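Going in written order, the chains are labelled A, B, C and D, and every chain counts its residues from 1.
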Amino acid sequence: MSEAFGNIKTFGIIGGDKRQLFLAQSLLEDGCGVILAGFGKLREHGFRALSGVEAAVLYSDAVILPLPSVRADRSINSPFSEKSIVLSEEQQALLCKKPVFAAMSDRLFRAYPMLKNASVYDYASRDDFAVLNAVPTAEGALELAMQEYEGTLWGSRSLVTGFGRIGKALARRLSSLGSSVTVCARKASDLAFIETLGYTAGDFSSLGDARGYDLIFNTVPAMVFDEALLRKTDKTALLFDLASLPGGVDFESAAALGIDARRALSLPGKCAPKAAGEIIKKTVFSIIKEGKR
Amino acid sequence: MSEAFGNIKTFGIIGGDKRQLFLAQSLLEDGCGVILAGFGKLREHGFRALSGVEAAVLYSDAVILPLPSVRADRSINSPFSEKSIVLSEEQQALLCKKPVFAAMSDRLFRAYPMLKNASVYDYASRDDFAVLNAVPTAEGALELAMQEYEGTLWGSRSLVTGFGRIGKALARRLSSLGSSVTVCARKASDLAFIETLGYTAGDFSSLGDARGYDLIFNTVPAMVFDEALLRKTDKTALLFDLASLPGGVDFESAAALGIDARRALSLPGKCAPKAAGEIIKKTVFSIIKEGKR
Amino acid sequence: MSEAFGNIKTFGIIGGDKRQLFLAQSLLEDGCGVILAGFGKLREHGFRALSGVEAAVLYSDAVILPLPSVRADRSINSPFSEKSIVLSEEQQALLCKKPVFAAMSDRLFRAYPMLKNASVYDYASRDDFAVLNAVPTAEGALELAMQEYEGTLWGSRSLVTGFGRIGKALARRLSSLGSSVTVCARKASDLAFIETLGYTAGDFSSLGDARGYDLIFNTVPAMVFDEALLRKTDKTALLFDLASLPGGVDFESAAALGIDARRALSLPGKCAPKAAGEIIKKTVFSIIKEGKR
Amino acid sequence: MSEAFGNIKTFGIIGGDKRQLFLAQSLLEDGCGVILAGFGKLREHGFRALSGVEAAVLYSDAVILPLPSVRADRSINSPFSEKSIVLSEEQQALLCKKPVFAAMSDRLFRAYPMLKNASVYDYASRDDFAVLNAVPTAEGALELAMQEYEGTLWGSRSLVTGFGRIGKALARRLSSLGSSVTVCARKASDLAFIETLGYTAGDFSSLGDARGYDLIFNTVPAMVFDEALLRKTDKTALLFDLASLPGGVDFESAAALGIDARRALSLPGKCAPKAAGEIIKKTVFSIIKEGKR
């Protein structure tokens, strides 16, 4: 496929959840060969073309590892595998000879230090991957909100805290569905941008209360909704914390105050595994294309 | 509230589901009095201000009946009531002396012919009611689609058959979320309007197949997806029939062909009872306002 | 091109403005033959393929007449012609033997009664033509507003009176550019629809004043902005009357009151003749396609 | 108004174009005092409250200088002044005692080195100022495009090169009006973002040609449309260069090739001076508010 990568015809996919299955399907539709390993539980459901890790490492031109990459016990994250997958030294040696696309490469290296000698490309750490994943994340948040909220998004009042990728994708969707959206940010230029996009800009530094909202989505990975702010939040509000752990909501205080607060994590994989798998493919292809230049 | 209606201060609400509860709440927030009857099952959950039908008929200035209005056995549709509610002759006589806001008035009159002498206003037969309900219907359809579809609406290809109120509300939302939308209609002017709104216009008269769509929503209350068309529909498509009974999909053929087809009825009440209740209030208020002129 | 129309390969285009030139160009791009008559003034500018009316009537399979069709003196509306074009009896007889696509056919028949025997198709009276033309009309109105208004549409407050095709197309564009839009209509269902689209609904029956708007667009072809209402309109407002004559604004009173009011007519031809010409082609093709069935 | 700024009640506005007049008006509407200097030509038009520079410097709590700030001859940029305004040493000394809000402060300091001792706040160098000005810039570009293009934006194919503030604001507007928008950028994450917003992403590194567009807007302040690329651009395209000087279009080559290319600079001041003035006010207020914390 490129000089830097040689000619990649067949991908080995080892471990992962539904996302990697859709990744495999999407690669096949693009005319690539795929060797799937670590999906033994699916055999009885008639899934075709399953192989062992051995084959995936040996007969592929490049290998794609899952997201998250490895568990605490060094095994590759493979919920659909009947048994634990730990890469042998031979397998690691083989991986060192071909491109390896992986997520969370630091954890991978801790589990398999030998792979530091491999050409490992961390697809999940790239900006474009994060930008694309903001879409299924935002859609997942909408889906949750629609399920839980007894009104319509149309005519609702929503608050989004944080205006990074997810905040942007979510505010846009809420607004286009007719919610009156307030977005809270810190930087003056973000506040200006929020206004030009038609939302109400809320300044974190003066965020005295969070009253008057039906739906609240936190995207800031730092404590935003602490007890003090939760005390100034409507009890009828639905509060979703989309921020990666430890998140930005004091759930204990929320429970004590009677506010319905929920953690909403890993939405792409849960709500739209097909899209999430295609995003992995797209990112892997971008890495290969960039290597080509 | 108006001359034609006298001064309506207190509404009696007899029977109905969650929508009528939110209607009651919304009336209370507007400063109206509300007498609720037919919600006995809720008593234990601490719901306040429940009365018998007697009080609702006697002490109110106007009465609101539910949607649907009556069951086959003449009883008022009241899923939250512990016992069946059948209006007595005395109650009917009292109703003849005040405005009665009801849905499906023809069924009501068949069950209680005496009410033909009452001032019955059918809120559910009005155009504005239907227009407003297209919003929770479309949101409910989105919610279902998001739950079932493993991709994102963004990047999906969707087909909406029919361009009435629901088709319009749904196409708009799908498109704003990034789906590539085709709308099928019959009239040349509708097809032109569909194009100017940025969707692809599909002509029913030349609808040879329904291939190439991830999501299909039928809104036409006539057989559109018969066996012949289903044979020309992708098996991977999700098909939702939003049309009122008997609907527009041959579900048996769909099942035989392995197409995932689902009926999606009464979405406002199921997915957004709060919005649905507020729409009833809004429509009742419009009727009263019009009577005032 | 169809049975009803025989096989139309070459169109004769007689008279018209820039729109008919773009119509001709678009037909040529679609592989049709075109015989242009009535554009003699353009000869010196090197425009190719100009013929006389004779040729256009004789050697074409169908003829397209312009919009407007005829002048008060019976001549075909042809601003680019060096001399007046009046159809002879022989030419009329020839026209009776082939499809004639015309606008304002009643005026045409009054000027040339013999053409009542021809197969005249009035493209300008069709709903789809009107729907499509609402787009260049709305864009033309935006263009005017942007030229005259010293603020940005973003952040402006605009009022659209009337919610027909043009009102719909215009409100949508104003809103998408960030104007806060109020739409005035009469019917309860229109008012409901206006709200569900995210605009503020204004009720004509209670339109006490038109204060608080930077930009006002009237689309109702009846006196809306009479002296009384103009007295209750901000003097800083820009008022555009898009309604066909006699329009809906008392311009004398507006001038006396110091309100900047302008008639904005025939916007498609003035602001977007290319789009307007393509819409004529599209409509003619729809007529032919319908005849085919 | 704040501790850092003392209590600012009256602003001196010295020089500038229509934007500063609207700035003055907007300040007055907010209840501030305003002393205008450098607008002598307007006196005959009845503009009120005009003073000399002396008064504006002496009796104000803060001074706002125009955009651009100074001319090559050191005089304050003041197109509405009858005579050239050069600040005296006394005036400069007075300015050193109060907040001065200015644009292009480096040029100001070169002209008046003494002002380096003043508290000069450069409003035009701030990110929020640039973000807000992207709106009138994008609207101005739309206005120009609508004036020149004979089709409608709806149905047009447009190319935007660059995805900074202006590229973002412009692409959004073109798309919402129904243009099929391609945006060219360099970074993988920008390209991903462009796609998630529903535009077509074009990669600069592989931008072989610019064919197939009706409208092209360059926002990159570097030579993008050189002769080579212009040779691969449709001659029917309209090309607008929005990038600050020296711009990104080889205008000589464009002329030689018969491509209609135009420089479009300073759009906020030209097309929407009212909005531009309000943005200056908003930015000045943000500076003051931040100083308060």
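The rule we apply is simple: a contact is a pair of C-beta atoms (placed from the backbone, for glycine too) under 8 Å apart; a residue touches a chain by one contact, two chains touch by 3 or more.
From a predicted model like this one, the values you see are computed outputs, not experimental measurements.
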Maximum centroid distance from chain B, chain identifier (CA atoms): D
Chain pair showing more contacts of the two, A-C and A-D: A-D
Centre-to-centre distance between chain D and chain A (centres being mean Cα positions), rounded to whole Å: 38
Distance between chain centroids, defined by C-alpha means - chain A, chain C (Å): 50
Chain C and chain D: spacing of chain centres that average the CA atoms, whole Å: 36
Where chain C touches two or more other chains, by residue: 135, 154, 178, 196
Contact footprint of chain D on chain A as seen in their complex: 126-132, 134-135, 169, 187-189, 191-193, 195-196, 205, 286, 290, 293
Contact set on chain D toward chain B in their complex: 154, 178, 196, 198
Touching residues on chain D, where the partner in the complex is chain C: 18, 22, 135-136, 139, 142-143, 146-147, 149-155, 173, 176-178, 271-275, 278
